[in-house]
Amino acid sequence: MKKVEAIIRYEKLNDVRDALEQLGYPGITITDVKGHGKQEGPRRQWRGKEYKVELLPKIKIEIVVLDEDLGKTVNAITRIARTGEVGDGKVFVIPVENAYRVRTGDAGENAI
Amino acid sequence: MPQVEIAINTVWVMVAAFLVFFMQPGFAMLEAGFTRAKNVANILMKNFMDFCMASIGFWAVGYAIMFGAGNIFAGSSYFFLSGIPDQTFGLPTLAFWFFQLAFAGAAATIVAGAMAERTKFSAYLIYSLIISALIYPIVGHWVWGGGWLGELGFLDFAGSTVVHSVGGWASLMGAIFLGPRIGKYRRDGSANPIPGHNLALAALGTFILWFGWFGFNPGSTLSGMDFGLIAKVAANTNLAAAAGALVALGAAWAKTRKPDFGLTMNGALAGLVAITAPCAFVSPLSALIIGAIAGLVMFGAVFLLERIRIDDPVGAIPVHGFCGLWGTLAVGLFHESAGLFFGGGWAQLGIQGIGTAAVFGWVVLTMGAVFFTLKKTIGIRVSAREEVMGLDIGEHAVSAYPDFVTKG
Amino acid sequence: MPQVEIAINTVWVMVAAFLVFFMQPGFAMLEAGFTRAKNVANILMKNFMDFCMASIGFWAVGYAIMFGAGNIFAGSSYFFLSGIPDQTFGLPTLAFWFFQLAFAGAAATIVAGAMAERTKFSAYLIYSLIISALIYPIVGHWVWGGGWLGELGFLDFAGSTVVHSVGGWASLMGAIFLGPRIGKYRRDGSANPIPGHNLALAALGTFILWFGWFGFNPGSTLSGMDFGLIAKVAANTNLAAAAGALVALGAAWAKTRKPDFGLTMNGALAGLVAITAPCAFVSPLSALIIGAIAGLVMFGAVFLLERIRIDDPVGAIPVHGFCGLWGTLAVGLFHESAGLFFGGGWAQLGIQGIGTAAVFGWVVLTMGAVFFTLKKTIGIRVSAREEVMGLDIGEHAVSAYPDFVTKG
Amino acid sequence: MPQVEIAINTVWVMVAAFLVFFMQPGFAMLEAGFTRAKNVANILMKNFMDFCMASIGFWAVGYAIMFGAGNIFAGSSYFFLSGIPDQTFGLPTLAFWFFQLAFAGAAATIVAGAMAERTKFSAYLIYSLIISALIYPIVGHWVWGGGWLGELGFLDFAGSTVVHSVGGWASLMGAIFLGPRIGKYRRDGSANPIPGHNLALAALGTFILWFGWFGFNPGSTLSGMDFGLIAKVAANTNLAAAAGALVALGAAWAKTRKPDFGLTMNGALAGLVAITAPCAFVSPLSALIIGAIAGLVMFGAVFLLERIRIDDPVGAIPVHGFCGLWGTLAVGLFHESAGLFFGGGWAQLGIQGIGTAAVFGWVVLTMGAVFFTLKKTIGIRVSAREEVMGLDIGEHAVSAYPDFVTKG
Amino acid sequence: MKKVEAIIRYEKLNDVRDALEQLGYPGITITDVKGHGKQEGPRRQWRGKEYKVELLPKIKIEIVVLDEDLGKTVNAITRIARTGEVGDGKVFVIPVENAYRVRTGDAGENAI
Amino acid sequence: MKKVEAIIRYEKLNDVRDALEQLGYPGITITDVKGHGKQEGPRRQWRGKEYKVELLPKIKIEIVVLDEDLGKTVNAITRIARTGEVGDGKVFVIPVENAYRVRTGDAGENAI
């Protein structure tokens, strides 16, 4: 099992979710995060003074998938979340040793 | 008139004017609460500037057109308040002007809600000046300033048509020319609810508006000496609001099995808008019925607009447009002597129909022209990117709630 | 009475009535602010519908019971305001009605806070109609409508007992029949603080209530001609509020080493409730003392209720019940001529004691019966699941702050 | 004076006083909105206690100093309101007292904003009592209570100098003695914007202040019989506010290419503060010009203060200090008969200059001494740790928004 | 060392924390997240129109534990967080290579 | 590749970010979390009653780095985020199997 951890643009969340639905609607966990990579934030001002917000709001998606589903999941996300401009985000793949379904106590692959 | 009476009138009308002014934050809180966090600073600024624009515009031009001597179509003296008499209608003229200004500001700011979350700030300012300096004062002249509708016997005590329908139909044109917000309608045409971000603000706004209406309607006696009428107008205003809210609550409950927050708040406003024209001419029971029906009119109009894919984030068109229309017609039905139901025959109803139709036509044509011109020149809508990011960042480079983690 | 005087009275009482109406958003903001984010839409709806229910109920039935001709227990004419005279107490009767309606709405809405975060919406609406159409008007008749307490010489100028204790004791019964919120008391019986979600709203609500009280108390002169009394009542009202807040601040600071936000806000309201009965009968210095003691009464009552495991999320019972009681008794102590401390002997104090006891008994019995019946029939409490999830989702299918990330 | 006239005066001035009282939540919401979420309960408590302290202080001492018989420097009778006559200036004295108290509370609470986010609560309470019981009343005596500035012919109709500059210059001293907030200035001396946490509250506060100003200025006629003046003052007040907002909007737009939220709100207040002195003496056109220039004065002062590294989180010093000064001087320029631009020569302008300078000197010296003493004794600033954590936790052990996830 | 990453119901957080206290009160980090698995969200409405919220608020718990404590920690969570209805959540086990205590600079097992 | 997951004090975020800037300004993702380790929260009170907030707000920083950058990144964080008092937080190192840059589709080390 692997955890796919994707940091994407806010406005892409719905599209990505639609795309994942095609892949069998896997369980998904979403977190509001802020981050910066190479993207510059939009200028802000307060009472006439400008300042930069260096940390931009992003969406973190976490999906734990079976090894065989890894490729298509990563693919779907990178394809759909892309705009081609800086700030599109990253996808990280992290090993998962085990999983449990709380409702039933099932462990391992059955828990996904 | 004895000095004491002028004093009483002045105190009364000034207090009423302050209350009507206070409707501005009512609109601001309601509209902010019913829209998304990312557009809050923008809608607040629009509401705020509305009154600033109206103050200047109604001082320079609006009052002259509305109450200046002229013809039955428009007035043409008193520009920049020059040459005004000391007193008008038993009040210092400046007191009368200020009371009227507060009405002009209300008409303008209604529209902000219907056009929320996508309108360019600069285009909005221009619109705002035009409506309070020109479009609204001309309707006002027709009905209250010695114009043709007043002469015809058209009755609109405190402005269901003059203020609210003008705002409501301008909203309609604005919403049509803008088009719906991104995400409001799905590919299959079905509507996608976009919940407001802060219901505490929305409720506060509604309460403030109700409060302010006690200046709007009872203050429109323009006289503190008219105590019987003041009391009746206040009682009627309140009963209509309560009935509107209750009926809207019930209708929503019946339809969705849940007592709906947004529609109930709008229901009270529906009742208030509808009773604004007839409040001086009808009995408390009639007021209650007019308000109750207004709750249904609003309810129906909300779903009607969604069906024809007009996007009005706060319900300004159902509340101010449709209920303003309903209330004005209701004068022809419930007027204690001239109303159809009270043996007055069809005459008054006919006149009310002519008046509402004329105002509808006038506003649709002129505001249509205004929005069309703005669209073709400086543009009335922000870019799709700005809309998605929010107008606060895009137009004003601020965030309304920078300390909070928001869902965007 | 000269027309000019009626006009002055009308202007004064109408403005006061508007201010009392405005206490509704004061209650709404305070109660919303002192409870959790997941129950905001629900408490706002309850406050909002309170005034709607009261408007209809007090028009149809309440006014008749309170001010109709009848016996010393209840009035029985003027149902649906039919047959009312043109004027009452030197005011257009509809103005008087509207002022009284605003009081009925206040009594009803006090209870929403004590019953917050767990009461079924439908049961609440029924309660709300009953209190404003029946329970409250009967007490009102006893004291202000020609009933037995008034005849006995019971003094309650603006309603420490008639309005506030009625609301407070109804709150007590509601809180008892409901039981505490899930999580309020630990297994070992100790109380678990459940902080309010928005202190800015709570402060705004408190300020608005203080503001509205300037309609409540000074407006109860019912006459603008009574200028000396108006001024005295306003000054006393304000001094009591300030003293209540300061003393509550000090008491909390002494106990917890921190100037406590919630108790200080409640302290001002404690002073306001307490001065409501005596404001017309006492000197400014007495007002200050009455308010200061009210701060302590509220403070003690908050901890008393927690010890006996009654859960009152916003402090409605300490503020309105206990301080209403204290203020009413204080008339017997501080009345400038009849008060015990001013050489008036025990008589007035005895009468005040009878009145407060009678009202306590009446409200406890009738509201107890109402809540008991509701509990046994449609139920008064939402399911545990709904309570944990929040009444906004459970009862209204909305979230008050959908754009914000909340801690749940 | 005929009873009816006293009644009209009383009704008018009481309503005005209520509106001025209502400015307190206006200040509270504005200041809370313009500062960070972690300091909200603290600033609200400060605003709240300001009025409580003023109520007690102005009852015990302040009124005596301001309006008691005495010398040209200070009054010295009427302590604890003892021995006051029944009527003063055609009003019940208690009504007059209450109106004046509301002004004293406003002067005190202005300062909370400039000292926000770092001032110790206990030190603040002491400051608050001193300004409303001593510093402000002495200035008030000089100008309105029979003191030397009034005798000299100094004109300040409703308090641009007496109320606003006193608050503004006290703010200046407070901000200087406190020093800037942690993080406000970078090592290189450049300013670091610290955005306010809730622009909806800020806009609400600004609207409420504007609303309250209709009590502040028109109410300062102290007479409802002076209807012509009332109307003129109200119209002027409103025009100046609108002009101030528009000019500030334009200036910010020109400088930063964005219509700035915070400066526009402050612009309206700048216009309101500036017109407070001249509103009774100038034409509507002059009012508009005075307000417009005030927008620029505020705009310039904001950047000036930043350059000299004074940290005023809400802009109290630019708005109340600088625009109060400008408005008072403007009397000497625009007075309809005595103004320099209206053929009145330099005399009035000179007197206005003397008055503003004297008040500046008095406030800077006395408040400087007060803050210096507080700093050397109990301290005026919270610890750096408390400041970083927020004063809500540090001083009051609460969180203003415990249900929300905040960025800290 | 392992990281136990559990997604549970909001209302179960306190019970789970009580249970963990029995196990020696391990350090814990909590995040507000949203997610969906098989559970349907409660119906919502806005101005008379219904809509579904597909992402439900959940609590994410992260606890880094020594290998020997893994079993009982996972056990405690799955047992206590269970209601038996859909939406109970998941527990994932993720390898951790190293840990540092910022206060002291300690690394490895001593840092937990 | 490794993921450095650090839980630090709120007030240290800016200092840590400044320090990371020296290291070449790596991409970074930040989440608002709450947690407890050994630190006691500040006392709170509500309407005169005291209570403890056991979960304190913290900042979680996630940085995915190349193996060779791991040491200096961890070092910078632990050094700068330290106050020496309880509550300073933890740094965990978690293996990352792969990374993708959404904008370009780049995978592996190029994606960081």
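Order as written gives the chain letters A, B, C, D, E and F; numbering starts at 1 within each chain.
FYI, a residue touches a chain if its C-beta (ideal position, glycine included) is under 8 Å from a C-beta of that chain, and two chains touch if they have at least 3 such contacts.
From a predicted model like this one, the values you see are computed outputs, not experimental measurements.
Common neighbours of chain C and chain E, by the contact definition above: B, F. Least step count on the touch graph, chain D to chain E: 2. Of the two chain pairs shown, D-F and C-F, the one joined by more C-beta contacts is C-F.
The distance from the centre of chain B to the centre of chain E, each centre being the mean of the chain's C-alpha atoms, comes to 50 Å.
Per-chain Cα centroids separate chain B from chain C by 33 Å.
In terms of their C-alpha centroids, the spacing between chain A and chain B amounts to 45 Å. One simple way to say how far apart two chains are is to compare their mean CA positions; for chain A and chain E this gives 18 Å.
Touching two or more other chains at once are residues 31-32, 44-46, 50, 94-95 of chain F.
Residue positions of chain C touching 2 or more other chains, listed in rising order: 4, 8, 11, 15, 195-196, 198, 204, 256, 258, 260, 262, 396-399, 401, 404-408.
The full set of touching chain pairs reads A-B, A-D, A-E, A-F, B-C, B-D, B-E, C-D, C-E, C-F, D-F, E-F. By the touch criterion given at the top, residues 1, 3, 17, 27-32, 64, 94-103, 105, 111 of chain E touch chain F in their complex. Within the complex, the chain B residues that touch chain D are 3-4, 6-11, 14-15, 17-18, 21-22, 24-25, 28-29, 32, 40-41, 44-45, 47-49, 51-53, 55-56, 59, 80-81, 86, 91-95, 97-98, 101, 121, 198, 201, 204, 395-405.
Considering their complex, residues 388-389, 393-394, 396-399, 405-408 of chain D touch chain F.
Against chain A, the residues of chain D that register as touching in their complex are 191-196, 252, 255-256, 258, 260, 262-263, 266, 299, 302-303, 306, 315. The touching residues of chain E, counted against chain A in their complex, run 2, 6-8, 31-38, 54-55, 58, 60, 74, 77-78, 81-95.
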